[in-house]
Structures are given as C-alpha cells and as structure tokens.
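You will see two complexes here that share chain A, one where it goes with chain B and one where it goes with chain C.
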Partner chain A sequence: MEKFDIAATARTPHMSFDPDTGSFLLEGESYPEDTKKFYDAPLSSVYEFLDTELTLSAVFSFKLKYFNSSSAKVLMDLFVAVEESAQRGNLFKIEWHCAADDDNMQELGEEFAEELDKTEFAMVAF
Partner chain B sequence: MSDSFLEKEQEILGECERLLVEAPALISTEAYRKLTTDYARLLKNLSRLIRISDRNEHRLQTVSQELEVEKHKLEGVADQLAKYLPRQIYDSIFSGDQSIEIKTKRKLLTVFFSDIQGFTHISSVIQPEILTHYINAYFSEMSDIAAKYGGTIDKFIGDAMMVFFGDPDSRGPKEDALACVRMAYEMQQRLSELHIQWEREGLQHPFITRIGINTGYCNVGNFGSHSRMAYTILGGEVNLAARIESKCEPGGILISHETYAQVKDYVEVVERDLLELKGISLPVKTYSIVKVSDTNRSHKSELRLNLAGLDKIVIKPAGLSMPERLGLVARLRDMANTLEGIQSHD
Partner chain C sequence: MQTEYKLSGAAFLELRRQLESRGIVFSYCGYLNENILTGIGNALQSKMAIDHTDQKISRGIFSTFVEQVQNVIRYSAETIGPEELEKLEQETPLVEGREINDLDDGELRYGLITIGELPDGKRFVTCANLIKNENVKRISESLESIRGLNRKELTALMREHLKAGPPEGSKGAGVGFISIAREANGNWEYDMVPMDDGEFTFFCLEAYF
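After this line comes the complex of A and B, so read on.
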C-alpha cells in the first residue's frame, strides 16, 4: 500500500491516495490513451487497502468533469470493491462532486451509487 | 476498451465453463446463485456503459454544434478583420506562416504610391456624402486591380494609396516590378473609363492620379508597440517612391531607374530630366511610362529622350544593321562631344 499523488494531464485526472488517512481523490478529466496502463498500478495499492481491516473511516472523493467508457468501467469496479469492503465492516464514504448545472455528471453519480448499500454516498455540488 | 478490462467477468465465465465440462453434476444452487448475481451485475454494468456512451456521444454532438456556431462567428469576425489587413498578410497570419511579433527583415521590394491631384480642392467643393461614395468606389476599383496583380496594399492615407510587391510572396524582383508597373498601367486605364462614367453621373471633378514607383531594399515587417502594430515597410526606398510620385505628371506613371532596369523589356518609356528630390541627396533618374507590353519587346524597343533643351529624339534600332547601328552611335557621340564643347551662358 503505497501513498501516491499523480498530477493531472490533458487526458488524465489528478489521482492521489494516502492509506494513512484513508483518503482517495480522482479529479479532472479521464480519457487516457491506455486506460488500463494508467489506472492498474496505482489502483492496485487502493485494492490492497480495501482488502485490509481498517481502523479508520475512509473517504473516496470523485471530482470528475468528463470520463470515457473505459474509465467508467474502472470506476464501477472500484465502487463494487469499496462496497464489498464496506460489507466486511469497514467504514467508507464516497463523495461525488459535480457542478450544480452538470446534470449528466449528477446522473452518473446516482447510477454508480445504486451499487452501494453499506457505503455512505454524498452528492456534493460545487 | 481491451479485454483486460473484463478480467473479472472472464474469470466468472471461465469458472462456469470449467464446471460444465469437468463436473456438471457438481453445479450447486450456490454456484448458480453466484453466477446469476454476477450476470445481473454484468448486465447492469453493460446497461450503464451503454448509457454513458450515449451520453458522451450526445455531449460530443452538443459541443461539436457549439464549436460550429463559434467557428462561424469567428469566421465572420475574421472576414471583417480581413478588410483592415492586406489580404496576403491576413492569409499568412491565419495559415500560421506569419508570427505576430515586432520583427522586420530587409527585402527587395517594388513600392507604389498614388494620390489624386488636387484632392484637397475637390473635397472642399463636393458634398461629403458624394465624396465618400466616389472615393470608396475609387479605392475599391484600385484595390481590385492591386489584388489581381498580387500587390500587398499597405495602406490608404487620405486619398493616397501605398502598395508593395515582393512580400510576403515574391515571384522574383523582375516579376514583382513588372506586376507593379502593369497594375499601375491598368489603374490609369481603368480610371480613364471611370472618368467617363462618373462624369455622366454628374461628378464634375475627375480623380486624376499621379503614380510613383521605385524598386529597392526596404525594411518590412511588424512596426509599432506590443499592443498595437502594423505590418508595413520603411526605408529610404519607400520615401523615394513617394517623392517620385509627387513629381509625376497627373494621369501618368513615373518610375525610378531601378524599376526601369527590371521592366525595360516590357515597357515603352520617356526618359525624364534628372529630378532633385527633397531628402534625397543625389539627382534621381526617372522614366514616364508610355506603354506596357504583354510580351518582351526588347528587340523592337524604341529609345525616346525628352529632356530640357532637346526637342525630340526617337531612336528605332529595330531593322538597323550592325554598321548602321555603329554609325548612329558615332553620330550621337559627335553630338555629345559638340554639346560638351558649348560654353554655358549661366
């Protein structure tokens, strides 16, 4: 479980994770040239974190403006893994940030939240 | 999206296939329930992905339409802006060939100046609205001719017009100078036609123009400040073109020796007296254009002289044999020697 902070590029979002505080952030736009290559290595640390028994309440924040279909698949898998971890007793909160006038991103957040039962979900407008 | 994205789904399918082949009897209700759950999730994900894909496509279309509207708006503005810039400069800037920075270079150019004789008087006796109509018609006609010959219209200064050839595109010094002279000749011809038309319309003061042309090295590029600049030309040769224009007879075209050297095979000229020009240290040799030919006329050109103290000399070398030519040269040299020997009465 490594801490990381990856700066955003034109096609990839800012992604950071700190296992000590249990905070994960994905911010910006996501349509990488190679989605698997971009997400695989850093998310392996996050998945490892989700498999452990946590002593803190983790907050996963998503502040996305746009993402493509393959990034959506990455997000859906991550939401499922978070929910499975929550069902094992870990405490999670997912914050889905979106612009107040961005109906599209709001609907996507709501759809992803359908997977969640034990995980707290909050829609945050900015 | 590569198959590696469906790693988990592939694992589920692989497990099912393995059970079916190896031990179909062992497929328990539990295994079937798990398969159903996973399949339901897969279906839900598929449904979401389709929706995301459709939404993205819709968003793309919306953005594309917005871009199209903005592009259309920008083109409209650019078209309006183009009227304030020389067409060639506008094209160079928009194609990315020309950078917007204060930078100049020296280039061999042919520079054209024209103005309307007595324009101050004309503008004082004609109603401003009528003057505006005719001056705009005049500049439109002249600009069209300049565009036809590839001239870069530098600017309009009151009733004056400044055009240059050789930048941003050049077809070579000779071709540039010839295009400029041809343009000037067509302008004067067109103006003669317009005089008739405009007189018929009631314009009592025809626009008679003087044209001066010079060829030489000029500084060309962006001059001005970082916030406001103009693509123009500067230098002594530009000033010389303007001075020559001021000495041109109304309705005529006066060119410098440097321009004449470039176009001599295509023009019929009258050599003028050496001109003493303000701000120019040495007297300047100029030529009045009589006619511009489409084809090289070097083999049949006439040499005309029209100088003070000389009534008229027209030499027609075509058809002369070499001994006749040499005889003529000797006779002219005799005349020059005689002239040198005559004491001045000043």
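After this line comes the complex of A and C, so read on.
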C-alpha cells in the first residue's frame, strides 16, 4: 500500500494517492495508449487499501475533463470496489468535480454514482 | 517494360478538391497507430480552438475521434505485424523484465478517418476499416441494438455494459460504439460494403455533431 503521485501527460491524468490521509485524486484527461499498463500498478495499491477491514475514512476525488471508454471501465471498477469497501464499514466519499457547463461529465458522474449506496457522493462544480 | 511515372500535380490537386467538396477538413488514410492518434488529435483540438468551436461540440468530436481511431487500431482486419510478432514471441525466450505487450507497438492497422463539415453546418467524424465477413453480423446487430437510443438511455446502457465486463474478444471496455452514439446524441449512421474478395467488408461509421 504505497503512496504515489504520478504527473499528468498529454493522454494520462494526474493521479495521486496517500493511504495515510486517505486521499485519492484523478485529474485531467484519460485516454492512455495502454489503459491497463497505466492504471494497473498504481491502482493495486488503492485496491489493497480498499481491502483493509478497519474503519477507515477516505475521499476519492475525480476532476476529469475527458476520458475514453477504456478508462470508463477503470472508473466503474473503482466505484464498485469503493462501494463494496464502504459496505464493510469504511467511511468513504467520492467527489466528482466538473465544469458547471459540462453536462456530459455531470451525466457520467451521476450515472456512475448509481452504483453507490453506503458511499457518500458529491457533485462539485469548478 | 516499366511505364515511366510522372508526377501530376493536377491529379493530386484533384484529390484535394474531392476531399474539400465533401467538406473534409482532416483526412487520414493508411496505417494507424497510437502515435498517429495523438498527433491528429492535437491538430484537431488546435483547429477547433482556433475556430472557436463550441466547447460541447468540440468535446464530442474529439471523444468520437479517439474512440473511432482506437477501434481501427484494435479491430481493423487489415493489419501488418501480428504474424511476425507472434513468431518472435514464440522463438524468443522472454527476456527478463520485458512484457509480452512491449512488441505490440509495432503493429499497424489500416483505416480511414475523416473529419469535416457539411454545407448545413453539421460536423461529422467518419471512420472506416475492413472487417472480416464473419464479424459483419455481430457488429451490425450490436449497432442496430442501440439505434434510436438517446443520450440518457445510452449513458445508462454504457453503465450496464461496463459493469457486466467486456464481451469475449474485446480489447477495450466493449462500449466504444455506445460511447460514440452517446456523444453524438444518437445522430450516427453506418454502412457495410462487401469487398470482391468474399472475405472482407468495408465498414464505415459516421457520427454527427
């Protein structure tokens, strides 16, 4: 369960995670050449965190401007895993940030949030 | 005897005029890879910024462009590289630290992509590539099943499919078509042209904005 902070590139988002403070951030654009290669290693740390049985609290922030359909799959899996962990008693919150005029991103966030029950969800305009 | 080749500027200009007469602003025909996607994608974003294209429209166009090109890169039946790569994989013992995927970057797939504007101001992103005849039915059915669905319905469908996981044979999330149809708010068309060889079909998909 390692802390990481990966800088953005033209096609990949800024991604950071700190298990001590329970903060995860995904920010920017996501359409990697190889989605698995980009996400698998860092997210394994996050999944390990989600598997922890203690009562943890954490905030997962998404500030995405654009993501392709392969990245959508990564997001969906993460939402589902966060919810499963929340159902075991962890106190989780997901913040979905998007531009006030970006209904597209807003609709996607709302749709993903359909998976959530025990996880707090907040739509934040920037 | 070899016929002497002479450059004809007029013929080349004619090719440009044909593209322009169809409202095409960007066109690429040939082997594609992820670097081409990045390059054309950057130019496309710059052009739309210079033209002050509405943000929502330019986001939809860009997103569709990415999905379309990634479809070609993943699924076009016209490809060079894989046989050679497969042979290499089998013959070369895996060097420590090298992942099998490392060689995949050498693969090229053939396709066409055009982006432009119709006389009525409607913009289009069109993509075409060869598919094997055996896949025509599956792709047609998959597209017919989402015909007429609006954006809201497509968003919900996308979530269902993402949750269910990709179908067999998919190299992505299996929601590329849904994503394109969604971005275009249901305004899209496709066509299939059987090739003379009896093995392949020319598959075109066009989305409007």
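Brief remarks on what is shown
As a convention for this text, the second predicted complex is superposed on the first by the 123 of 126 C-alpha atoms of A that agree within 3 Å, B and C clash if a C-alpha of one lies under 4 Å from a C-alpha of the other, contacts with A are read in each partner's own complex, and residues count from 1 in each chain.
In the analysis below, a residue touches a chain if its C-beta (ideal position, glycine included) is under 8 Å from a C-beta of that chain, and two chains touch if they have at least 3 such contacts.
Just so we're clear, the structure is a prediction, and the values are computed from it rather than from any experiment.
By the touch criterion defined above, A:Glu33 reaches chain C but does not reach chain B.
If you count the residues of chain A touched by chain B and by chain C, you find the higher number for C.
When the two structures are aligned on the shared chain, A:Val80 is found in touch with chain B and with chain C.
Looking at the shared chain after the overlay, A:Leu108 reaches both chain B and chain C. Residues 35, 66, 68-70, 72-73, 76, 80, 104, 107-108, 111-112, 114 of chain A lie in contact with chain B in one complex and with chain C in the other. By the touch rule above, chain A contacts chain C in their complex via residues 10-11, 31, 33-35, 37, 66, 68-70, 72-73, 76, 80, 101-104, 107-108, 111-112, 114-115.
The part of chain B that touches chain A in the complex is made up of residues 1-2, 4-5, 8, 41, 44-45, 48-49, 51-53, 55-56, 59.
Interface residues of chain C, counted against chain A in their complex, comprise 34, 38, 42, 55-56, 59-60, 62-63, 66-67, 70, 101, 151-152, 155-156, 158-159, 162-163, 166, 172-173, 175-176, 178-179, 183.
Interface of chain A with chain B (complex): residues 35-36, 66, 68-70, 72-74, 76-77, 80, 104, 107-108, 111-112, 114.
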